[in-house]
Amino acid sequence: MTYDIGFIGYGLMGTAHANALARLPMFFPDAPASNRHIIAGRDEPALEAAADRYGFDRTTTDWREAVADADVVYNLTPNTLHPEPSIEALETDTHVLCEKPLAATLEGADRMVAAAETTDAVAGCAFNYRYVPALVAIRNLVADGVIGDIRHFRGQYLQDFQADPEDPWIWRNDADVAGYGTVGDVGAHTLDLARWLVGDIDRVAGTLTRFADERPVPETGDRSPVTTDDSYGALLEFANGAQGVLEGSRMATGHKNTNAIELIGSKGAVRYDVERFNEFELQREHDRGFQRISATESSDPYMDAWWPAGHGIGWEHTFVHENYEFLSAIDEGSSYAPDFADAYAVQEVVDAIVESDRSGTWVTVP
Amino acid sequence: MTYDIGFIGYGLMGTAHANALARLPMFFPDAPASNRHIIAGRDEPALEAAADRYGFDRTTTDWREAVADADVVYNLTPNTLHPEPSIEALETDTHVLCEKPLAATLEGADRMVAAAETTDAVAGCAFNYRYVPALVAIRNLVADGVIGDIRHFRGQYLQDFQADPEDPWIWRNDADVAGYGTVGDVGAHTLDLARWLVGDIDRVAGTLTRFADERPVPETGDRSPVTTDDSYGALLEFANGAQGVLEGSRMATGHKNTNAIELIGSKGAVRYDVERFNEFELQREHDRGFQRISATESSDPYMDAWWPAGHGIGWEHTFVHENYEFLSAIDEGSSYAPDFADAYAVQEVVDAIVESDRSGTWVTVP
Amino acid sequence: MTYDIGFIGYGLMGTAHANALARLPMFFPDAPASNRHIIAGRDEPALEAAADRYGFDRTTTDWREAVADADVVYNLTPNTLHPEPSIEALETDTHVLCEKPLAATLEGADRMVAAAETTDAVAGCAFNYRYVPALVAIRNLVADGVIGDIRHFRGQYLQDFQADPEDPWIWRNDADVAGYGTVGDVGAHTLDLARWLVGDIDRVAGTLTRFADERPVPETGDRSPVTTDDSYGALLEFANGAQGVLEGSRMATGHKNTNAIELIGSKGAVRYDVERFNEFELQREHDRGFQRISATESSDPYMDAWWPAGHGIGWEHTFVHENYEFLSAIDEGSSYAPDFADAYAVQEVVDAIVESDRSGTWVTVP
Amino acid sequence: MTYDIGFIGYGLMGTAHANALARLPMFFPDAPASNRHIIAGRDEPALEAAADRYGFDRTTTDWREAVADADVVYNLTPNTLHPEPSIEALETDTHVLCEKPLAATLEGADRMVAAAETTDAVAGCAFNYRYVPALVAIRNLVADGVIGDIRHFRGQYLQDFQADPEDPWIWRNDADVAGYGTVGDVGAHTLDLARWLVGDIDRVAGTLTRFADERPVPETGDRSPVTTDDSYGALLEFANGAQGVLEGSRMATGHKNTNAIELIGSKGAVRYDVERFNEFELQREHDRGFQRISATESSDPYMDAWWPAGHGIGWEHTFVHENYEFLSAIDEGSSYAPDFADAYAVQEVVDAIVESDRSGTWVTVP
């Protein structure tokens, strides 16, 4: 069948997913057919322009209409808006791909997981970095025991898009809308990678920092308070005995999109940085140093669909792979990860980090 | 108007250009409209599959039909087939984008230039690396005098896809079809960058090497002779007094697609490697070292069309930019570079390198 | 005057300091004159060999004799032996350079500080990384406000010399002799850099991990328990509002001597790794990326004493600079840093990290 | 026996060799004993200061006296002064270590080789980069066949110490004193590495460039003509079929001391840059990328004499190793390489490059 897709939201993530859907037929010809059918938003002119550009059949200013009219809903809204549309969709057995973090509060996330448990519809959370070929290759190496038992995990996600305290205020600075600051935004990505690559997390310590207490609002000329953190740091103790150190910041001068990890194990080590998208570094047992590997060979995950070795792809391709896997799972009736339960587990750790900062204690993850 | 596009050839370059055309509406909404209309090839089943996947209206096994039926012809064939279809198209004032090098012989290239001179149709040569955002940024820096007068140019294009003498024979190993080995294949790319970034070349010395005299032909089980070079080296003396050293190889173990340059000037220096697609290195006057710059900001060439800073693009995007510029030039009736004359000038240097190797002399470029 | 130097201990640090003293006259001709006079140790044949190789006048198996007979004592012993000789020397107004950490326990360190406060003799702690030219250059840049207010500090000290659980047991694995594991060994280096480059630390969370519970003792064929940690992680909250994340390990496969830091400030960022001794990376305000700077120019700290730009020095040179500054302070009667009070402040943080791991709370540094 | 050493010259190379001799006893205790005995120069006050600092017994303004009074002569003078003292020493069976290039002219070099052939004294040429541990490791890897048959050699030696045309005139700019410009200065280093690592060179093409025709002379306030090249480029065809491209410059903005090579073979590839002294990169058969190897382990050449793994050494250590090998060869009566014949072979290639630039032909090396 051809799946009618409904987007709620049409910002950056709208572009990323629309592009992904558009590219599937040429590069993943076995992907289920999909139709960009309906797109929901509040600003009608902007919405019309988005629909036109992204190739959607029609628009609506009522997300309920999008939910009702689509086979698959993509929830691309700010965090506080994640629960209601997602839950409504799942209650009618409509598949949902929801952007991360799952919700602005653990309570909201909890309700979403509950909704997902009562349906056979697929409920996925859009942790797109699980679809970086180099990161999939790394996960395979870990699974194959190439680096042995993991001892150390380091995860950074450093950006500078608000490095200047006079950079404009955005909804991500508002605790009421975003729920969390960096810890829930970039931190959720890092924690999803940590769980996916290393395993469950037992105990955390965390610190949140705010470097700018208010920011200008260009539309109004006023200033709005920043009520989320600008950066976080965390220590992790994993169930398997590994130790983790994490950092995230949106005021990290000099870093555009440093989403970087390193895993050090008993036999080897491996590391990756999204800013050098197509390569990773691996030290195997008996190697004398880290190999810099171009993850662009046809044997690398997803790369047989693209170009010859050494002809790299970009960030947007993670969405193509994500859409391919998500739609395939729907079509095949198979399970999909990361699902809402995975995203909830991430959010539990996010909350534990927040709680550690607040309480001044190490916090055990439920 | 909507331009009917006709492809001759449907291999790797077919995928690259078809993808580029498909992506223009979403990311370059001001690009002229185009329709993937007709695609020509010899192997009917493969041709049908390609047409289906790339979204073409129809197919033909007669390239003349494609020329006759298209507004714009993309000549994506092996080098010996570049002149006839290109010339026939230009003679009927049909626009042509021809893959590089312009032809298998300088004589063929000469006829193509002559044909281009007699028409107002646009005749472009597909040196796609001119559309790498980082390389355009570098060209702008050079033009702005940031590195001063250029003294040194180094250009490498090192690949390993035939590093093993038992890697299969391909048409690029056949002098009768390809005309040249690496010197005309990857060397043409390097020389186009050299001319584009530094300027005219006065004098060259060159050396060609073959490391494998024959290779297996998987289809037949036989072995075929290699009649082209496997690598070349060259020294360049530019008209502006700069000095260049060049290397290219398809048997360079350890190098997937090292298309790398460095320009050293009186005030600064700059360098780039396609394998790290989204970054370049720049030392400006008074800097103490090379800055590693992420060419992914909205102020970087073409990047406002794509993603936020730090979210890189890939090799395929060069074709999107190329198609955007080529179709825009057609639509606006403006000139387009690199045109056939540019490509001919490159080929003159290629021939001079071959001649230097043969004659044992430095060779003056006409 | 010529200072008679007395070493207690003759292992790796003995070599490093003996070499440093030997090189001063040729490269730092204004350094105070010194004479390698007496060297104390327990194993007479090894001691004789060391004295011969390092150029000492005589030996003793009684450290008290070395203290009595020297103008300046270098305490190069395992951590538990730091207090007594240092205190005895200071009580007779003999200068002391003591290896780090200051002592195996905070109590011992406290007594050493008390002894230092009662004398005009110089009491220095040998944090040699304060004498890396690149790190001094970084400190100067920070002091000059080049990177603005510091927001983030990351410090790693990763080694693999015990990565294999079957690597031999050493005294550093014995809590009774070393006091601490990595947190006091490499962690003390990182914390000294943190305090020196960023400032006082208010609050910490920490975790200690042991990956090998016992190790073989080659001399006896037995196995001994490991009673210290093999790795640590820490979060720091600095008095100036900066946030820090730290890691140290002696079981970090793939890392020989990764002593690396990054400071991110409101205007720029800077980073350094001892494994690339002669270079650091700096992003200044308005720069588009990190400059890779060779800290080998004559304008770089200490480098006018050595070689032309680009001709790097090595790890051992930190000891030359350290000895130069330490002996000069003695000779000029000036203060010297890092002194025992600095080292005590480091050790307070070390203890706070240990306490955080034990108690499961964030710990306020006294 | 203890060898009385005589230096002729006391500039940078004087410091380097004096330091090397001073360090041998502590780090290479089996090195033959030596005494810094006599040092010859023309400027008496400077000479006295050098003798004092470098630890020489006495001075002379007559190089003949140094030759007569030493067991081993170090010829550290400008190139035109290499032949006479070296020949006079060899004629009296005095050992000679002569700085590179061997002479300012091939004729002078020829006479030096002739003198060396008539004596059992050791005649070495000071190509110190043969004593970089990483480069010795690379040579061993090549000899062991790890990278297979060599196909490509790239050698660069790029410096910026005269990047500004207003940088002061030095003797190296004077053809009458230096004989050659960069081609004989840094080019000789690269060619020595090429011969040592790859083998004999059959045929070359070369180009020499001058970017500044005159430079200021600070002492006089006048300007002097530059009569040597500022940069060179060369193509090499090796006897074993490998192809080489070379570059050298003293006006390469952004490069302090980029002495870098890459060897690409049929099974692997390896590369090195002196600016990252302690590491090299190696891709072996079946590796997926270049390993970055720290050549600081005790199993690496010469490194067991120094520090633990990861604690790097510097440029000056090449001279320690060189002096160790040179004096050991003298003491053991064994042969020493690189000797005068090696240096002459290098100079033949230097001359061939000059000749190619002049004649406009490829030039066969004798």
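The first chain written gets the first letter, and so on, giving A, B, C and D; residue counts start at 1 in each chain.
To be clear about the criterion, a residue touches a chain if its C-beta (ideal position, glycine included) is under 8 Å from a C-beta of that chain, and two chains touch if they have at least 3 such contacts.
What you see is a predicted model; the values in this text were computed from it and never measured.
Trainee: So chain C and chain D: same face meeting same face, with over half the numbers shared, or different?
Mentor: same
Trainee: So which has more C-beta pairs touching, B-C or B-D?
Mentor: Of B-D and B-C, it is B-D that has more C-beta pairs in contact.
Trainee: Measure off the straight-line distance from the CA centroid of chain C to the CA centroid of chain D, and report it in whole Å.
Mentor: Centre separation, chain C to chain D: 36 Å.
Trainee: Express in whole angstrom the distance between the two chain centres, defined as the mean CA positions of chain B and chain D.
Mentor: 41
Trainee: Distance between chain B and chain C based on Cα centroids, please, to the nearest Å.
Mentor: 55
Trainee: Do you know which chain A residues sit against two or more other chains?
Mentor: If we look for residues of chain A contacting two or more partner chains, we find 255, 279, 283, 289-290, 294, 297.
Trainee: Going by the contact rule at the top, pick out the chain B residues touching chain A in the complex.
Mentor: 12, 15-16, 18-19, 22-23, 25-27, 29, 53-55, 159, 161, 255-258, 274-279, 294, 296-297, 306-317
Trainee: State the interface residues of chain B toward chain C in the complex, per the touch definition above.
Mentor: 279, 281-283, 287-294, 297
Trainee: Applying the document's contact rule, which stretches of chain C touch chain A when the two form their complex?
Mentor: Listed in rising order, the residues of chain C that touch chain A are 147-148, 151-152, 154, 156, 158, 163, 165, 205-207, 209, 211, 231, 233-235, 237, 241, 243-247, 249, 251-255, 264-269, 283, 289-290, 356, 360-362.
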